[in-house]
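Okay, so chain A shows up in both of these, paired with chain B first and chain C after.
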Partner chain A sequence: MLGEGILKGMVETARNFAGSYVSKDRLTTVEYPEERIAPKENARQFPFLVFDGNDPMAGLRCVACQICEKECPPKCIYIEKSKDKKPDFVGKMQFYPATFDIDVSVCMSCQICVEVCPFDAIKMDQEYELSNDDRFGGLLLNKTRLAKSNEYYGKMHPQEAGAIDESRLKTKEAAEAKVKADAEAKVKAAAEAKAKEAQPPTAPPNKGA
Partner chain B sequence: MDIGQLINSILNDPDQVFVLTKAFVVGKFPEGAQPLVSILLSILPILSVFPGLFALTTILERKGLGRIQNRMGPNRVGPFGILQPVADGIKALIKEDVVPRAADKVVHFLAPVVIVIPVIMSYAVLPVGRNMVAIDLDAGLLFFFAVGASTELAVFMAGWSSRNKYSLLGAMRAIGQMISYEIPLILSAITVVMAVGSLSTTSMVDAQAGYYGWLPNWYVFTPWGFAGFLLFLTAATAESNRSPFDIPEGESEIIAGYFVEYSGFKFALFFLGEYLGLFAVSGLAITLFLGGWHAPLPFLEWIPSWCWFFVKLMCFIVLFIWLRGTLPRLRQDQLMNFAWKFMLPLTLINIVVAGIWRFLEPGMLRWAVCAAILAAAYVLLARGLTAARGVAPREYRYAEN
Partner chain C sequence: MSTEALAEPPKNYEVRPKSSGQFEDDMGELLEVSMGPHHPSTHGVFRMDVVLDGERVVKLKPVFGYLHRNHEKIGEGASYLASMPYTDRLDYFCSMTNNWAYALSVEKLAGLQVPERAEYIRVITAELTRLVNHTCLMGFLVQDMGALGTPLMYAFREREKILDLFESLSGARMMCNYMRFGGCRCDLPTGWLEQAQKVVDEYPRFLDEYERLLMGNEILMARSQNVGVLPKELAVSAGITGPMLRASGVNYDIRKVDKYGIYDRFTFRVPLGDHGDVYDRLMVRLLEMRESLGILQQALKSIPDGPVVDPRAKLRGFKPKAGEAYGRIEAPKGELGFYLISDGSPNPYRYRVRPPSFVNLTVLEDMCLGHTVADVVIILGSVDIVLGEVDR
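== the complex of A and B ==
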């Protein structure tokens, strides 16, 4: 019948209207400041720096290679390389960032910095409550504010973090094994050298012949 | 007359509480000032009650639409959010008033005023209760339509003076829509004028007094009255720019149309004018087809007449909110086709049917004949138009159900 569609639609909206008072499950929104919906795993806001261990500044994975700074399309990352070096997780001497700033008012959340980082040092955060009454300083995050623990990252992305941890552990073990093997080889070589020195030549050099 | 007598007479007839109080207050003034005081006391309730109803409607609408979309709606300001209109009002007052540099300043300033005044004037002829009408004009209905039509001027003033393409587009859409729907609106009201034999709104209400058994003697319960009511309601929705006929605003296409360049309290005035227009035209629908302030059932007559008017008005408001939550916006060509090809012929047929009703003997035959003509016209017209346009039920290639 003509006009039936309008009536059908009105019945549907009336059902929604009444239903929203009866069942809480129908409500698609939550009362925000009191309740929050947990972010989906793939949700991303702005980057943060991953650190291992307990000391955020000592444990930063970043080696100030500045690839992310160069790749960043809106140029919101600013890095200053350190003058000295300190050992990284395998014991190799590396630079570290003396300054690492991200201006989140410029950042476009493209995740390119994360994709290019060879050290798994920068990852995307899910923190979204960043409103601030200082629109310049409050939105320029320095490395103290950017540093977040590996456990925090593991909570957001358990699988990815697990895979990264595993590969890092393997690298570390390999490095340690190599150090050990090197040390052993050194000891062996030294012992051999010593033995050679101590023993007199078994056959005297053939003079004249 | 002293206070005691006044209270006594109010207790005798609570229906007339406002009429008696007004007469009492007017009587206290010297004779020369009495006409002026009487006019002011008639204007004052109109200026306070209906804008108050507007404030109530804004929160009801936001709550209702929220619930229709399975949301909570505003619930932060005051208990259950009922103080939200107060917060909105304060916000509108303290907002910066931005006037575009290229705008025609005088016209830009006048438009929001010009849209509100005629709408408030149209309340003068609405009978809100027994003996409660500001001025009982003999040509009340004519006055209502004449004054109501002048809001089109304000809409075009707003659209033109803003010097903005969206404003102008919105204003042109609004003019086209309002002029197109003015015709079915008036033609559907003419049936009632034919039945009553007068343009006076009070005599229309008087003509619908009494009951036919249990059924009230309202025009909506006659075939031509029912058809006229539905046509009037549709045209009224379009006249007051309500969804689904809100293309002059069209937030998603022309970002609020003719009031895109208005901010602060001027914007609030446009809103006020729009809602007051909606209430006025709903009040006229009540007067024309729903028996005005008469009670729907004989045993409910003890409830004061003005209560019934406002109960009916609230029903209209709920219906309009419900429609807005349900129907999507029409396209411009659909809108025009609907007005000129469907509603106009139907209102003309309805006028003929009202004439037939007038000259046939009362009884079942009259009912059957009139209802059959209208139903046949409705079905044939709609089917014919659909066939002429070659419209088939839409097939969805990707989304099934």
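== the complex of A and C ==
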């Protein structure tokens, strides 16, 4: 019969229409500003800088090694190395970024900066409501706007953040143990030197005699 | 040009557009129309110079390059890794297969081995991408025929489920940037396989629904059968690949021919068309989706545990030894190949993409001649182009 196929299709449309009232599977949209779908754990938007402790600027993990700047495909990261150094979490003196800018209007959220960072200092954010009326300044994030706490990162990726914290703690403990061992060795060496000094020299040099 | 020059037409001014002469008809004049999706806000801009005799096409010239963004030259200036996210943007419906093709050629160049589990993940994501691409194409093609809205919305509803899978796997829905040289970027998140299994199990229901909705539809058949026929010989000699070639009845699928990855472990059939018209191209894609679901079922059942990346692969300072490699895969649109020449430096000396859409577009005129303007739209739709890939 001519038109049979069309009728069959109409039945399918009707079934979907009626189904959208009863089956959640057929009605997939949500009313956005009132209702939000929670982001997936792996979801990524733009990078941010992780800091430890309470002071965002003092606790930045970034040591301005500029690897991410070099590897970034669209070159949206701009870093200026500091002149002076500050101690990092193990107490080693490191540079820090005097300037760290990310132009998110250029960034393409590829996550390569995160992958290449050897210090776990840069991670991907899930913040997506970034609309701004300032086209240039509003989308050029400086390091104050980029810095976010480690707790914030831990909330997004509990497992990964936990693993990173654990390895950092281990490194720190190892470093502290090394410092302690060094100090002990120093004390021991000093004591030995002292003991040597205390001993009267067997053959005092008789210079000029 | 000054305003005076505009005021007076030149001496030999002709109102009639010039044509090549061989289509000149004593009965009427030829009309030259500029057709195509060329609104600047569409993500692909493409133009066809169509010469019409009445409503029949007598000449067609595709004009492209509006979306050219120097992809290959950028690839030569950037490191090997930095080109990976750019390949997502070639055919933005199928970022996973683009990643795979590029990773495959770099692996050939650098001699990296892909671990078992990563191979399975690649097959699973590539077949899911095929589902996304063909589902969307069917929606778009039917919309081009005039069925506005409904079929496309159904297609997008199903695509959404797969994009959700991609998002929970790679972090992004379309620009996945998931594969790496020698494997994949990260392992599957917990529960991902179960979610994927659920989607794969439910997909045939949608395909049945779609088939009932459209494939017996008399209007669709009248519009698409015997329209835009691509003869077998022409398809082969023009280098057409993918579903378009198979709709013309040529049994050529790189998954079967090259057996790249681990495709030799799966049993699947290659659907072929008889007539090579628009309807066949639509139908071949529908059948291909069913075969993809079969591959997915097999892959999801047999995926082993293990590492997902070759430990020899380096992220930073990756420098393959000098040489050249061509890696190709069966992307949803056809043969997608990357040709790389390395001179031992961190970036390729030559980086060339062999895009399926671009090559498939070359036979557009042959398919359109003699058809009406409305048919040109659906013939273009059935070629399945993405301008990001055509223009690069």
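Annotations for the structure displayed:
Just so we're on the same page, the second predicted complex is superposed on the first by the 181 of 209 C-alpha atoms of A that agree within 3 Å, B and C clash if a C-alpha of one lies under 4 Å from a C-alpha of the other, contacts with A are read in each partner's own complex, and residues count from 1 in each chain.
The definition used in the following text is that contacts are C-beta pairs under 8 Å (C-beta built on N, C-alpha and C of every residue); 3 or more make two chains touch, one makes a residue touch a chain.
It should be emphasised that the depicted structure is a prediction, and the values quoted were computed from it without experimental measurement.
Of the two partner chains, neither chain B nor chain C is touched by A:G162. By the touch criterion defined above, A:E31 lies against chain B but remains apart from chain C after alignment on the C-alpha atoms of chain A. Looking at the shared chain after the overlay, A:G53 reaches neither chain B nor chain C.
Annotation for chain A, partner touching more residues between chain B and chain C: C. In the superposition on chain A, A:N42 makes contact with chain C only, not with chain B. In the superposition on chain A, contact of A:G138 is made with neither chain B nor chain C. In the superposition on chain A, A:E71 makes contact with chain C only, while chain B stays out of contact range. Of the two partner chains, chain C is the only one that A:E4 touches; chain B does not reach it.
Of the two partner chains, chain B is the only one touched by A:Y21; chain C is not.
Looking at the shared chain after the overlay, A:G91 reaches neither chain B nor chain C. In the superposition on chain A, the residues of chain A touched by chain B in one structure and by chain C in the other are 2, 6, 9, 12-13, 16, 26, 28. Interface of chain A with chain C (complex): residues 2-6, 8-9, 11-13, 16, 26, 28, 40-44, 67, 71-73, 108-112, 115-116, 124.
Interface residues of chain B, counted against chain A in their complex, comprise 64, 67-72, 322-323, 325-327, 378-379, 382-383.
Those residues of chain A lying in contact with chain B across their complex are 2, 6, 9-10, 12-14, 16-17, 19-21, 26-29, 31.
Taken in their complex, chain C has these residues touching chain A: 78-79, 81-86, 150, 154, 157, 160, 164, 167-172, 175, 177, 185-186, 189, 209, 212-221, 315-316.
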